[in-house]
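Labels A, B and C are assigned to the chains in the order they are written; within every chain, residues are numbered from 1.
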Amino acid sequence: MSNTWMIVLIGLIPVVLAILIVLYITKKVKFKGSLRLNKLVITFYFCILIVFGVVYEILPKEPMLEKMSEEKLQKFQSENRIFEEKLLKQEESILNPKFLKEEWTHEISGKTLSLGYIGNDSYSTKVVVEWVDSNAQKIEGKVYRSHINVYGLKIEDKIPLHEVEWVGNELVIHEPSEQEFTFEQFSNELSLFQHTDTMEIRMVRGFTYIHLKVPKHMEIVDPLGLQMY
Amino acid sequence: MNVVNCQKVSKGFQRTNALEDITFQLTDQKITGLIGRNGAGKSTLLKILAGLTKHKSGEVSVFSENPYNNLMVSANSILVDDQMTFPDSLTLEEILGSAPDFYKRWDAQLASRLFQYFMLDFKQQHSKLSKGSKATFNMIFGLSTRCELTMFDEPTNGMDEAARTDFYRALLKDYIAHPRSILISSHHLTEIEHLLEDILLIHQGKVVLHQSLDEVKEYVVAIQGPIIDVERWTEGQEIFHSKNVDGQRLYVVVKNNSKLERARLEGAVIQTLPASEVCMYMTSETKGGIDDVFK
Amino acid sequence: MFLSNSSLMSVVLSQVRFKLNAYSGLVYSLIILQLIGLLFSTGWSSSGTSINNISINLNTSSIDSGFIFVSLLAISVGNLITTRAYRYDDFSFVATRLSSNIANSIVLLVFSCYVGITTYFSVYLMRIFFTFYSNNVFVEGPTILDDPMNSLLTVLAMIIFLWMFSSIGYIAGTLFQLHKLLFFGVIVIIVMLMMTGTWIRISETIFVENSSLLILTSKIIGITLLIFATSTAISNCLGVRT
């Protein structure tokens, strides 16, 4: 119980501050304008605020970040899910083409292929291996990334792809370097009245998938467990 | 219909009773003076009649209705006293401008003319007025409403001599032009005597008398003469005041009665008194005067 | 003897007109408080998360802080008009306690409407300012035109809540005028009640379980009317110029 009370008290501090400010203002503001002046101020203030409102709506603004609706987000989520299912089943043909980011082939020397990850969040990347009948040293790879959406903001373009490079026999996946984006949003609503969570889906977590076609005679060393089965 | 009808009205504060067993009626349109000493209960009575406070027991009816929380009574009566307040954010001009909305018989011309006569400032705020100016403004306000029952509670408090004379004159003139029932309470009976038609005398919360001015003047008389004689003449009568003059003569105020005829024949000096003195003697606590304190 | 007879409604209307003029000086406190509320309005609610080593922060500016300020103003104004000076002013003109209370509640409603609408639009001042001076990227949001019903309901709800807050200040003031000790007694009782579980459940049913904003609004209207009626009953015991 004491914890909740502490939180309540801390939450009350800004309210108390607000109360003090209000009391101070109402006591101090003794500006006794004449009646005519008061009426003028009242109407003028009202009109100017409405004018501002209209002006804002009409004003040409810089292009703003788009916000996705709930249905679109759900669509994204299901597309992601379907993609992962299909990929695991290795039904390449049905895969969503827009997720394909990179395509390459690489020759390695030797029989061992290792997977490495540089970054904090290795769970963001999943490697799906398809074993093929081949005696060659070629490995085909396709890099996909499924929908990423945070708070409904269309930021997919802003989030850089994982860099994938070959260092000798090691496939190294680099996490994007740290960046911070700040967005501003205006809300027309009072949070006091919104009791239902307006957004059910807060984040669509997309993953980076690497689909490798590896000849059967090779071995994969996967210390971080990047492979998906 | 009686303008005001009080039956056994009482009003108390904690242990003391400000008013007790008040019974009187005001009929027709007259100027009545509500006279009494400090603390007699005049203001309390007026506030009850105006519907500002509730009485404790008894019946009060103004225009045949209970004045407390009564729209009709409020619209047709007004009490002007020194506690009358107006919003601070309105100038005097605006206050006068708001009145016609409430009082249907408001006379804007009269208000404006009186305002200019007394040289008040239109742009002034009510709370910033001096005591005298405030009283003047309140008086102008009260007169201009032309309410059927207009009550003044010591309206001239703080006014200077000239303003007081002007006020009484204005009151009289407007009353004659537009008759209504006026109830004035005042300490200065001498000043307003010439205005009054009736007097309602209150002492310690009770009604002492309610009569016309002439009747009040003849209510008591003053007898002066040698001590022994005066004592003989006023034996058994109600004595209101007794004073020893020069050590040999006695000055006594008694209720007027037929026995005094004999005293007159015997050479007594009998005078009628002005109403203000009558009231004063009738509401005094002691038989002697202030001189006794300094004996 | 000609007695003028005024209906309750006409007296109330006269009183409302009169009071609106008399209280017009409050607009200055209102403007200052709204501007202060604006200063506090940005960045109040901020969400942040990170994905793929990229942290995303979303700052939301809403009218909440302005609303809190003007709610407090509403309470204080509601209380202000019950003080002696304001109460006595009525009786220099034609008034009964009933007409005064009705007029006061109407005046507070008008006041709440004005405050609600201006507060709602005052955020646009901030938005215009930001649009020009901020370097951050903005997220497009629903405009008033997109969802007029919702905006209208929000404004309506704000107005009604402000009215309720002013009524709370009003009844507090009335009670205080009646009997100071009683006032504190009532406060103590209310605070103690708030601690108990039943109170929390009652407030939940009233405030939280609402399927739509409209239902919440109607409930609040009911509560406010109840509060004003109670104030009227209490004020019947109050003398004037005593």
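As a convention for this text, contacts are C-beta pairs under 8 Å (C-beta built on N, C-alpha and C of every residue); 3 or more make two chains touch, one makes a residue touch a chain.
Fair warning: this is a prediction, and the values are worked out from it, not measured in the lab.
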**Prompt:** Starting at chain A, how many touch steps does it take at minimum to reach chain B?
**Reply:** 1
**Most remote chain, CA-based centroid, reference being chain A** = B
**Asked** Does B-C or A-C have more contacting C-beta pairs?
**Response** A-C
**Message:** Closest chain to the protein's overall Cα mean, using per-chain Cα means, please.
**Reply:** C
**Prompt:** Any idea how many Å lie between the Cα centroids of chain A and chain B?
**Reply:** 85
**Request:** Could you please state the distance in Å, as a whole number, between where the Cα atoms of chain B are centred and where those of chain C are centred?
**Result:** 47
**Request:** Let me have the rounded angstrom distance from the C-alpha centre of chain A over to the C-alpha centre of chain C, please.
**Result:** 39
**Interface hub residues of chain B, defined as touching at least two other chains** = 88-90, 94
**Message:** By the touch rule stated above, which residues of chain A touch at least two different other chains?
**Reply:** 32, 35, 38
**Fill in**
The positions of chain C in contact with two or more other chains are 21, 24-25
**Prompt:** Across the complex, what residues on chain C touch chain A?
**Reply:** 21, 24-25, 27-29, 31-33, 36, 42, 45, 47, 49, 51-64, 67-69, 72-73, 76-77, 80, 114, 117-118, 121-125, 127-128, 130-131, 134, 136-145, 150-151, 154, 157-158, 208, 210, 213, 216
**chain C-facing residues of chain B, complex** = 1, 3, 29, 47, 51-54, 63, 69-72, 74-76, 81, 83-90, 94, 98-99, 101-105, 141, 148
**In the complex with chain B, residue positions of chain A that touch it** = 32, 34-35, 38
**Asked** Which positions of chain A touch chain C when the two form their complex?
**Response** 15, 18-19, 21-23, 25-26, 29, 31-33, 35, 38-39, 41-42, 45-46, 49-50, 52-53, 55-57, 59, 61-62, 64-67, 119-121, 124, 148, 150-151, 153, 155, 158-160, 162, 175-193, 195, 202-203, 205, 208
**Fill in**
The answer for chain B against chain A in the complex is residues 88-91, 94, 123, 125
